[in-house]
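Both of the next two complexes hold subunit A, though its partner changes from subunit B to subunit C.
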Partner chain A sequence: MLESAITWWTFFKISINERLVYRADFMLGTLMRFLPTLTQIFLWWAIYDVISSPGSADSTTGPDGDIAGFKYGDMVAYYLLVIISRAFSSMPGLTGGIANQIRNGEVKKFLIQPVDMQGCLLMQRIAHKLVYYLVATLPFALVFFLCRGFFVNGWPAADVLIVFFLSLALSFLLGFFLETCIGLIGFWFLEVTSLTFIYMLMNFLLSGHMFPLELLPSEPVNIRAWVEFLPFQFLAYFPAAVFLGKIEGAEMYRGLISEVAWVLFFVVLSRVLWWKGIKRYSGFGG
Partner chain B sequence: MSFRTNFILQCLSSMAWAGMNWGLFKIIYVHTGEIGRGTGWHENEFFIFLGTIWVINSLIQTVFMANAEEFSELIRTGGLDFALLKPIDTQFLISFPRINWSQVPNGILGILLIIHSMQKLMQEKELYFSVFSVPVFVFYVICGAMVMYSVMICLASTSIWFGRNQNLYDFWFYITNFYRYPMEIYQRNGIGMALWGTFTFLIPILVVSNIPARILAQPLGTPWKAWEWGLAGYAVLGSVWSLWASRWVFRRALMSYRSASS
Partner chain C sequence: MPTIEIKNLSKTYRVYQKQEGVLASVKGLFHREYREVHAVRNIDLTVEQGEFVAFLGPNGAGKTTTLKLLSGVINPDHGTVTVMGYVPWERENEYRRKFALVMGQKNQLWWDLPAMESFRLNQHIYRVPREEFERTRDELSDMLDVTRLLGRPVRELSLGERMKMELIAALLHKPDVLFLDEPTIGLDVVAQHKIQEFLKEYQRERKNTILLTSHYMKDIEALCKRVVIIANGSIYHDGSLEDIVDQFSGDKIVTLHLHDDGGLDSLSGLPNVMEVEAPKIKFRVPRDEVGKVLSRILAAHSVDDIVVEDPPLEEVISNVFSQAEEKGRQEASQAATGS
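Coming up: the complex of A and B.
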């Protein structure tokens, strides 16, 4: 028990150090992340300005127009919150990494060593994310302080905040196990680039990364209704909508429960894929 | 063309991103008639703007993007030594060797979108486009490509100082973010004006997209104002200035280059 804890701790430390090698690259990347938000602020002002009554534009709350239940402040706040959701749920390079290890035979080491592949990858991710939050907290705090005016309703109630943080933690797990599953399909397809590509498109559109899901058209196909049955919304939309009070009360808890269910589903699925996968795996290369 | 599936996937990928961008604005225009009060960027005008962006993007990504990434990699691995030794201009050598054909369909899509939107404009507003606007448009698109090339060379050069610039694509995306929208949206308050000034005069990427799009979308019927003429003249100046600046940054960066892994 202690030994395995030490093993995992070592993995964790290595990953943290690995992450700190290219510091300048990393810091710059964090700062740059907020540039698109800046243009969003101006773009949405220009859009809301047109649909609002003339002269209603207040320098603090913005134009008074309303798009699908979102005021100007809500809209900007939504995009800011989605950056937080994405900081938890996005897993750059995970799918491709797994598929590569399967293809070039590196995955063999997990068959020989007494180390679990998913556990090892999960440790790496947690370490990477922790370093990221460590570095990013300051710029995040600064940006949110500067943008506090957009959060028209102020801080949500304590129970909403708790659900918000829970949903963020769950979105990390969901993102991790979902993308692991796609990577593990590499046991059957070897090349998963096309799958990753479809996943990225779906994710961008249906997770609410691109715009609040309320904006999805209900004609000719009611996409909005379908999205409710997919896991994507928990990767970006759900935490942000909870924070802004767009989803509240019983509906909020129902959402949280179905997020847990999705996480469990993908944990089990990734296990099944792994066991089935290594059964049909034949090690190529030295 | 040796990885055919991969090639088709890349084509599809870039077209799908473009399509989603189009979808976003299609949805936005369900809710509003114009972006920015009184700016004249109605739906069809804006889609001409969007098409112009796609054309410029596709031009850059076809000709320069792969090479800039290659350059970053050369710095990291020390392979730049060989490029430096060759008796031709290094910037020229690293800028042009590869062409990424998979980004071409995107540009064609852009042209189709422009033509379609122009047709709709002509039907709805009974506007007529002068034949001269086409060569002028092409000229300004080329100016735009020059500016964007310069930005990219500068970005790629930073990998000499940072050790690596793995996120070249990301940086590119973040910076070009500012040129994806009509410049009017920035001209609202202090911060906006500062952004507008920076990306018009210091790094003239706003000019890149706005001038050619304006030539096709805004103009006819509404005579250009003096500042628009000024901006059009400035676009030429700006592209020369940014080319010069990129050359300067490139050379400065090369001076700090310490080979690797030898």
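Coming up: the complex of A and C.
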């Protein structure tokens, strides 16, 4: 037990060292993250500008420039919080990386050496994320400070804040195990690029990354209701909605519990895929 | 109990058979044709502790497949294997801490970091006590003469230097059984020689069991007393190098250094003359006629020096390979007509 802990700790330290090799690339990537959000904020500014001008208000928007319960300030705050959610839940290169390792045979290493592949990947990912937060904290803090006026309700209550942070940590695990599962499909398909693309598309629309889930249509198909049964919302929408008080009380805790359930589901699924995968792999050759 | 025991081992791959062209690719989406490749067929092999065995064979003969089966990367179709009492494809951690596989064409080190870091990680993965780890590391890097490179990122090392690091990484936990798949592939002669010397010395000191595949006859000549020739997935020969030469080459090569050039004309009429460079002549003689031929020549000519040697190993081996392949083809055609 202690010995495995030391192994993982060493793996973690090495991953951090590896990550620091590419500092400059990393910092640039961090700053670029704000760009798409900036365009979204401007877009919404234009939309709110139109709907709040006299005579254009209709039944779907409220009188004070309100869209599905979001005022302009809410909307900007929402997008900023989504950046935070995504900083935890997005896993760039994970699916493709796993599929590559399967295709080029690097995965053999995990059959030959007494070490677990998913454990290695998880350690590596935690290390990458930590280095990322180290680099990103300052620019994030600056942006949030400049935009503090949009958070009309100020800081949420302590219990909400705790749920917020828990949901962020869980969104990291959910993102990791979900994308690991997609990568492991590489044992059957070898190439998972298009699968990853479909996943990213669904993620973009259904996680709340593109817009708050309140904006999803309920007619003619009640997509809004269906999304409740999918794991995507926890990757972006849920933490942001909790912070902004869109989801509260019992509903908030229910959400947290179903997030835990999804994490467990994908942990188990990724294990099953791994065992079936290496069985196939080792039966097949490669 | 022997260290490695293989009984009746077979492995068949199913390979997707694709015709050329776009149309065939589209067809392949709906209906796939597979071809069976018998990579290993009914192999029996026993290796004792401390042996250094070479697997020799043409490309695609089944050498690497056998190593993969032994290291538990793939499962066989049928047959049994035990290595130090373990069944490799059960992949028990205890077994995995006792062997190592080095593939000349694969990189197992962290690309962007110094080899030192990969070594450190292996220390923990294989649970090597710290002092032992440091001693082994220093010993090995000293033997391979790479101590000064330990702190340099692996991506900046030359192929030869990297291979030495791979070897160190694989040997840190002092594996009792070592599988080497083409460890000198792509290396220059100096680096090849260095690695050969290292392996030889290492094996002499540690007395561990090593299985090596290589295309370089020099590797095998330098290292292995026992050679297993694999062709078409079967063992074609198992014995010492000298055995192979004895069995597969009926000829000796005789070089005569004549006292004067006078006799050259009559001698160059001999069958199988390979080279004439006055006053030397080189020719091939069937092994059992060497004495007779030489005594006849010595009676008629004045000779300063005689060298009788075996044909070069490369030549012998390439003969063996083509014989083996010929045999494989015959068997295949027999099987085809028989069915």
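Observations, loosely collected:
Following the convention adopted for this analysis, the second predicted complex is superposed on the first by the 269 of 286 C-alpha atoms of A that agree within 3 Å, B and C clash if a C-alpha of one lies under 4 Å from a C-alpha of the other, contacts with A are read in each partner's own complex, and residues count from 1 in each chain.
The working rule: a residue touches a chain if its C-beta (ideal position, glycine included) is under 8 Å from a C-beta of that chain, and two chains touch if they have at least 3 such contacts.
Just so it is clear, the model here is predicted, and its values are computed rather than measured.
Superposition of the two structures on subunit A leaves subunit B and subunit C fitting side by side, clash-free.
Rounded in steps of 10, the angle subunit B-subunit A-subunit C defined by Cα centres in the superposition reads 90°.
Applying the stated contact rule after C-alpha superposition, one finds that A:251 touches neither subunit B nor subunit C.
Contacts of A:194 after superposition on the shared chain: subunit B is touched, whereas subunit C is not. Touch criterion met: A:113 reaches subunit C, while subunit B stays clear of it.
Of the two partner chains, subunit C is the only one touched by A:7; subunit B is not.
Once the two structures are overlaid, the count of subunit A residues touched is higher for B than for its counterpart among subunit B and subunit C.
Contacts of A:159 after superposition on the shared chain: neither subunit B nor subunit C is touched.
Closest approach of subunit B to subunit C, taken over C-alpha atoms in the A-based superposition, is 8 Å. Subunit A residues 22 lie at the interface with subunit B in one structure and with subunit C in the other.
Subunit B makes touch with subunit A in their complex at residues 5-6, 9, 12-13, 16, 20, 23-24, 27-28, 30-37, 39, 161-167, 170-171, 174-175, 177-178, 180-181, 184-186, 188-189, 192, 195.
Of all the residues in subunit A, the ones that touch subunit C in their complex are 3, 6-7, 10-11, 14, 17-18, 21-22, 105-106, 108-109, 111-115, 279, 281-286. Within the complex, the subunit C residues that touch subunit A are 11, 13-14, 39, 65, 68, 71-75, 89, 91, 93, 96-97, 100-101, 106, 108, 110, 112-113, 117-118, 120-121, 123-127, 153. Interface residues of subunit A, counted against subunit B in their complex, comprise 22, 24-25, 28-29, 32-33, 35-36, 38-39, 42-43, 45-51, 54, 59, 67-68, 191, 193-194, 197, 201, 204-205, 210-211, 215-217.
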